[in-house]
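Next come the structures, one after another.
There are two complexes below, and they share chain A, which is joined by chain B in the first and by chain C in the second.
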Partner chain A sequence: MERVIKDKIFKGFVILFAFITISPIIMIIYKLVIKGYRQININFFMQNAPDTYEAMIALNAGKIIPGGILNGITGTLFMVIIASTIAIPIGLLIGVFLYENKNKFYANIVRDITDILQGVPSIVLGLIAYFWVVKSITNGFSALAGSVALAIMMMPLIIRSTEETLKMIPETIKEAGFALGVPYHKIILRILIPTSFSGLLTGSLLAISRIIGETAPLMLTALGSSIVNLNIEKPTSAVPLLIWEFYNDPNMVDLVWSSSLFLMGFVLFLNILSKSLNGECRM
Partner chain B sequence: MSEKITKIILFIASFIIVIISAGMVLSLMSGAAPAFKEFGFKFIISTEWNPTEGKEQYGALQFIAGTIITSIIAIIICLPLAFSTSLFIGEYFRGTKLAKIIGTMVDMLAGIPSIVYGLWGFYVLRPLIVDLGFNAQGFGIITAGIILAIMIIPYATSISTEIIKMVSNELKEAAYSLGATQKDVIMAVVIPEARSGIFTSYILAFGRAIGETMAVTMLIGNTNIIPKSIFDTGNTMASVIANQFGEADGLKLSSLIAIGLILFVITGLINGLGKIMIKQFN
Partner chain C sequence: MKDLIIKIENPVLDIKNLSISYNKGKYAVTNVNAGVKKNSVTAIMGPSGCGKSTLLRAINRMHELYPNIEVKGKIFLNNNDIFLMSSIEIRRKIGMVFQRPNPFPTMSIYDNVIAGYKLNGIRLKKNKKDEIVEKSLKDVVLWNEVKNSLKKKGTFLSGGQQQRLCIARALAFKPDVILLDEPTSALDPIATKKVEQLLIKLKENYTILLVTHNMSQAARMSDYSMFMYLGELVEYGKTKKLFINPVDKRTEEYLTGKFS
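Right after this comes the complex of A and B.
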């Protein structure tokens, strides 16, 4: 009997702890929605972030702080697009390389390096991009530097998801291609990539959702900007950078919630989109 | 002919990642060289952080200590939570809709940006710490550790859930037929069978905790001392870089890069260890 009771108690604790584990996600989303939804209106997407003086006047008058986060949204999209343009093609090629050379010595080394790169803290990647781009190419903080840091972060994710996706393609499809005398590059372009397209897209979207909320590497590279900037050689804002600025400015601190809600919603949207893509088109 | 070209292109692409990694190590080393030249090995064992011009003195021990202590606290808090969640998804409610929902929510934890964790920690967790009377401002090692624990839960559960699911049914059924309760089966069959997998996921989660920057920077209090208790403030390697990089140049910049190099090496070692362990049970 005592054993049965112990069994029940143990199960009770497992259930309790599992619910404690997921409680932060509910509390975080709740807090963001409750505190942030009021700020989100059309201006939120159409105007630049206010300066601290404008915010102070609105604050003293008891009004909603004017302005939006347009400079952050454009900056984030701009840098994510550049980072994706760098990381996705290279990552795809390396993924194909690893798939084609499964257990060769050199391929194993490349795979190990990819895994280690994936574990490198993002702030260290910020330092690297600072050295490689801020110091040497753009001679100052720039969108390009931020993009390079994000691209190095994305690459291992794309490589591994490409390899894993390709592994799921039946060998026979590839062999059929070879039997028909299809050249090697066409096998890759016309068979491997199309059949695994939804998987590759999912991998890329997940990688983007991972980097889009990154703050630390951008602090060392893109720095931030109070206006919309689409010049890769100039400092650029990003949504997470704006959140950091708002957080550090007592007049604008109320704006952290709406921007965080937006950022979090965007990340979740990408996650759900990628998962539904994968679910629908799985071979 | 075209086959050769394709193979060469693929090889060149693969070489890019080798170059990036080698370049990273070289850049960090060359950036850190002035600090190591000036302070030598003392850089790692000294706790002095004095940016006063003329008397500049930098040491990283307090940051290394802060990083390891916060990460250990995180893993201690994370362990029972993540393990229970793995059992919940992989054993007790395996395959049910409820398990799927819980699994999705744990995945969502991985999607929350670090800075949002920081905000939540600042506005929700920190007042709680103050109310409990641990610490007057609510900043410190324990606050950062709790937030880190939540952040690494998805990493700690992902592999261990898979491994727990993989434990063979025959073994479990054999135990049940001997009259074992579900708890007995977990203790005597599941844990011993899945041990190395569970351990590996905690190692990888630990590696994650060590490199986390924003949330920790916002909660740890940012003081350059070795914390004497878990309620003290401190700084981690990542947080000191984030905090002081803006106004750094010369020897200070080099010291921050040296800290980045140490951080790189430590996470590399931990992830390498995790990878070796994954290979062993594959």
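Right after this comes the complex of A and C.
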């Protein structure tokens, strides 16, 4: 009898904590949808952010704010692509290196540094990109600087996911390659990487979904732009930067919610995509 | 002492004073001397951990992939020192099949068979490739089962089919010797029987060296048998003779199931 009661209490706690864990996410999505859905239409994706004057006129007339976040979306995609181009190959190489040198002293050092890098506050990485790129390469705020900051954030995630994915491949697959006389580098390139491809893709998507909402490092590097910019040497907007700008403008508060809804939806999409890819790889 | 190890005339493989250690000073294989008869099935038996796999893996130089492993002694393939050959050459001439079927998961059945050529950058004409694939799959009696699904992934096959695919992959190089390390231990009895029948047929054209922890498999299939114990090659002779009339006491104890 006593055991039954204990069981019930335990179950109750499990349900309670499960509820506490998921309620923020439900509340966030609820709030974003309620507050943000009205702004989301075709113009939202096709037009640049309005200026405060346009927004004010629309507000006073009781209309929805014109314009959208095209400059932010293109900027975000542009910088994510550049950051991925930098971070994915380098992260992949270092991940393979760690996998191949499992217990070696220098590999352990690299692994520790990777962990430390992952813990560095993003604003600090933004500062570093500011000094490396803004001050010395592009002579001003630029998409490249923002991308470098984001790439440094992505790198540790890619490195660790690469190593973990490779570790899941059975040793026997590798040996099958060796037993056919396949040279070492080809075993990595033609057997290990293709075999773990969906895992590597998952890791990259998760890394992207982590950095896509970063704001602080972009303030110090990409700065923002009121138009679509696809020049790596020029200041560039991004969705989280726009959210920050909308927030600071009393006429554009509605756009904060719709942009946040968009960003949240995109991150959720990336997460679900990567989860489903990963499920496929486990089969 | 002498008649414990049979002397093979004109061996395909000749193993001389072979010792192998994973950790300095501790030998997993000690001073093995043995020849292997051409076009025969030679079984290597012994209790688990006695060094069967370690010995087998020395023969196509798998050990050199792991820097800590020390291999002493010599191995000759048709009188050529294998340690002087290139790694691709040695592995084209000596194929290997593993305990668990390990087709390349991203490759089709077709590509798995010619993986050795593809991955080594050996270019072949399409009809030459088709010919090798068909011949190898016919050799392992898999052709009729897969000829309409050559584009499918090798991992879609059953365990027994996968193992035959892996044998086909080794055969595609037309090796002199095929090494098999407990190739049926992960298979069900029916699939096991198919692989056994296949190996007996293959010895017409190939020399087969088979590690097995299953005595009756060695008795059923092999022409010659080696018995290893604690890294030592204890006894080696014609299978019939070894099973009926073992010389060494340890061989006899093993065959009568005193340890396993």
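Simple rule for what comes next: the second predicted complex is superposed on the first by the 264 of 283 C-alpha atoms of A that agree within 3 Å, B and C clash if a C-alpha of one lies under 4 Å from a C-alpha of the other, contacts with A are read in each partner's own complex, and residues count from 1 in each chain.
By definition in this document, a contact is a pair of C-beta atoms (placed from the backbone, for glycine too) under 8 Å apart; a residue touches a chain by one contact, two chains touch by 3 or more.
Because the structure is predicted, anything quoted here is derived from the model rather than measured.
S.K.: With everything superposed onto chain A, say whether chain B and chain C fit together or clash.
M.R.: Chain B and chain C fit side by side in the superposed model.
S.K.: Once the shared chain is lined up, is A:102 touching chain B (first), chain C (second), both, or neither of them?
M.R.: So A:102 meets neither chain B nor chain C here.
S.K.: So, does A:38 touch the first partner chain B, the second partner chain C, both, or neither?
M.R.: neither
S.K.: Applying the touch criterion given at the start, work out whether A:167 contacts chain B, chain C, both or neither, answering first, second, both or neither.
M.R.: neither
S.K.: For A:177, using the defined touch cut-off, is the partner it touches chain B, chain C, both, or neither? Pick first, second, both or neither.
M.R.: second
S.K.: Have a look and say if chain B or chain C is in touch with more residues of chain A.
M.R.: Comparing touch counts on chain A for chain B and chain C gives B.
S.K.: After lining up the shared chain so the two structures overlap, which partner does A:194 touch, if you call chain B first and chain C second: first, second, both or neither?
M.R.: Touch partner of A:194: chain C, not chain B.
S.K.: Using C-alpha centres only, what angle sits at chain A with arms pointing to chain B and chain C? Round to the nearest 10 degrees.
M.R.: 100
S.K.: How far apart, in Å, are the nearest Cα atoms of chain B and chain C after the overlay?
M.R.: Here the least C-alpha separation of chain B and chain C stands at 11 Å.
S.K.: Can you give me the overlap between the chain B contact set and the chain C contact set on chain A?
M.R.: Residues 183, which sit in both footprints.
S.K.: Residues of chain C touching chain A in their complex?
M.R.: For this pair, the touching residues of chain C are 60, 62, 65, 87-92, 95-96, 98-100, 102-106, 115-116, 119-121, 166, 169-170, 173.
S.K.: Across the complex, what residues on chain A touch chain C?
M.R.: Residues 170, 172-173, 175-183, 186-187, 190-191, 194-195, 197 of chain A touch chain C in their complex.
S.K.: Touching chain B in the complex: which residues of chain A?
M.R.: Touching chain B from chain A are residues 3-4, 6-7, 10-11, 13-18, 20-22, 24-28, 31-32, 90, 93-94, 96-98, 100, 106-107, 109-110, 112-124, 127-128, 131-132, 152, 155-156, 159, 183-185, 188, 209, 212-216, 219-220, 240, 243-244, 247, 256-257, 260, 263-264, 267-268, 271.
S.K.: Show me the residue ranges of chain B that touch chain A in the complex, using the header's touch definition.
M.R.: These residues of chain B touch chain A: 2-3, 5-7, 9-11, 13-14, 16-18, 20-21, 23-24, 27-28, 31, 80-85, 87-89, 92, 102, 105-109, 111-120, 122-124, 150, 153, 157, 181-184, 186, 204, 207-208, 210-214, 217-218, 238, 241-242, 245-246, 256-257, 260, 263-264, 267-268, 270-272, 275.
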